[in-house]
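Look at the two complexes coming up: chain A is in both, with chain B in one and chain C in the other.
So, the complex of A and B:
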């Protein structure tokens, strides 16, 4: 558990975008990522600026700033470089989705949600993970980031975004990933069978 | 306990070989070539059907979860073993069956549960060398994704490279 106890407790609210707990989300995500990676000693974090950007205080080196930067640092600290991609191409794809997460998914408007899910649904059509056939840290952070969007979807919408739902369900069942988040029910058989995509 | 799997190199039971490959860390299984497919357990007990061999291997290594993790999943695994034996193996045309499989895989990464089971091994093995799958695979996107995902995993790629080509 460790670091999680030093953060403010979070109350679940339906409108997550205007909620002050969003700022803590990044810190909770980093605490969950630490646990997934099996890092024994939790790091000390603080936040900076109006957007409460997470900051990792490093004893020797200068502090690290930003969710993605810190997440990549933790992966290296845990000696799991394959989670950042195992080829030049997949490393680039992982960075692309990490950037997508913080620029597009975080603080997106209601109209953006549908566009994000539509694009992602198309992209995941022939992929098991975001970087193809291997699980990476991009899957973890996109799962954390999309969770509040997916929670609000209706059964019909989840079926409409079939590929997103399948990917999401797979990641939330990936051993050790779903720490601070409640499970989302995803049907495994289609109900609205007449719909074509 | 040491088990001995004899395979006919002209018609290797890919599903059984995959099961043997998956359980080899928990159970000692030796594989050798012979005139027919047979899992030798004792002088009085031997299995010759590929699915029976897979079932036995999955049951002697329960910790691997190849037979699912509860009663419901076990039944689903049985369903897919039957599906591969009756509707995929030795069938001239797969078009209708592939449509069914595609629908089942649209919301699933693996056929049963959230991890690999005999269902995946057996259905993958039945499709691997089927001429209908090779020619029509592209029309079934969900089966395609699932198939190439499995093919990229280690036991599948090694078994595929070692045995599948001999079948032709």
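So, the complex of A and C:
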């Protein structure tokens, strides 16, 4: 699969996590991230191993391996260092959430989902973004990673995790972020912004 | 609209409830709307109003850039939840009905809105609203295209369509419909109808459609054309 981001609709399978189409999700995320960053020339990615870890071959330099590594590289390539955090503390927090995404969110079990959402809901009670007061790549990758989990939540669950719902709705509406993912109605009747509130 | 008296506990409570599922006063980026409300508060909200406090601390971090945030400041009564009586003093803008959301186009481009474009847009909206406020002499009809969204992909779309079509109102005629996939196996019902403007409003239609809570998650007007 190349870096060109042609949208292929995913057919819903019983366990999305084991479906082969999901392993291309990492590449689709990277393609979406490139679009958000305004990188004109999409990169060509390959994958490695049975986990289909994304690889970016960087001309003469050694190849970059892994979603988080490549994502951070893209942010620097686009000259948007603020997306990695605008202070030492927020930079550390960004990295923490990026790591959280690939270690805890990806391939999590059904039981883990509730724990993840509960922790996140607590974390977000007094925060608008994950790291500091500004939008960072941590918000983007966590949004991508959480999307399939949020899509499956019932209305009651979404209302239970109010802070996660608020944050999720915010990020999916952030200009330029939502490319390969359909919008999720996280809050009642707020999926499209054409309504007056 | 408005939050009531923001210098009082009750007003702050309205603000807090309003912000429980929102990051900003309007839309999804910080704007003059946030500046307008922030400036009214003389102190951070108390810790028990945690949504208001969260918002306050966040907007405070934009203090240096507050003048360059997008949008135009409007009187406080223009913001906040509908249905709250506007207790702000100050002239109400003549005929200008405000557009709350800085509409960000979900389905398209990453173009940035600059303040010029937003001002122009709001000007044009005010003109349109003024025109709309005048009553038409002839029977005005409109053709609407509605998107009705189910809860999930297991919802019986045939039943959903039946429910929608069962809504009968004077001045409402249902037209064609089709199912449009939105991803993950979920399909939305796109149905058209012709309404007489005076007799049928989109609010009422929406109420009636979303009353079928078992099937309908939400409804939205995808297209609205005057005939």
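One rule holds in what follows: the second predicted complex is superposed on the first by the 175 of 197 C-alpha atoms of A that agree within 3 Å, B and C clash if a C-alpha of one lies under 4 Å from a C-alpha of the other, contacts with A are read in each partner's own complex, and residues count from 1 in each chain.
Here is the rule we go by: contacts are C-beta pairs under 8 Å (C-beta built on N, C-alpha and C of every residue); 3 or more make two chains touch, one makes a residue touch a chain.
In this text the structure is predicted, and so the values were computed from the model without any measurement.
Of the two partner chains placed by the overlay, chain B and chain C both lie in contact with A:128. In the superposition on chain A, A:52 makes contact with neither chain B nor chain C. In the superposition on chain A, contact is made by A:36 with chain C only, not with chain B. Of the two partner chains placed by the overlay, only chain C lies in contact with A:151; chain B stays clear of it. Between chain B and chain C, C contacts the larger number of chain A residues. In the superposition on chain A, A:166 makes contact with both chain B and chain C.
Judged by the touch definition given at the top, the superposed model places A:187 against both chain B and chain C. Counting contacts by the rule stated earlier, residues 125-128, 133, 162, 165-167, 169-170, 173-174, 187-190, 193 of chain A appear in both its interface with chain B and its interface with chain C. Of all residues in chain C, only 20-23, 27-29, 50, 53-55, 57-58, 61-62, 81-82, 99-101, 103-104, 106, 110, 112, 147, 149, 151, 153, 181-186, 210, 217-221 touch chain A in the complex they form. Residue ranges of chain B in contact with chain A, taken from their complex: 103-104, 106-109, 114, 141, 144-146, 148-149, 152-153. The part of chain A that touches chain B in the complex is made up of residues 125-128, 133, 159, 162, 165-167, 169-170, 173-174, 186-190, 193. Residues of chain A touching chain C in their complex: 9-12, 35-36, 38, 125-128, 133-134, 151, 155, 162, 165-167, 169-170, 173-176, 178, 181-183, 185, 187-197.
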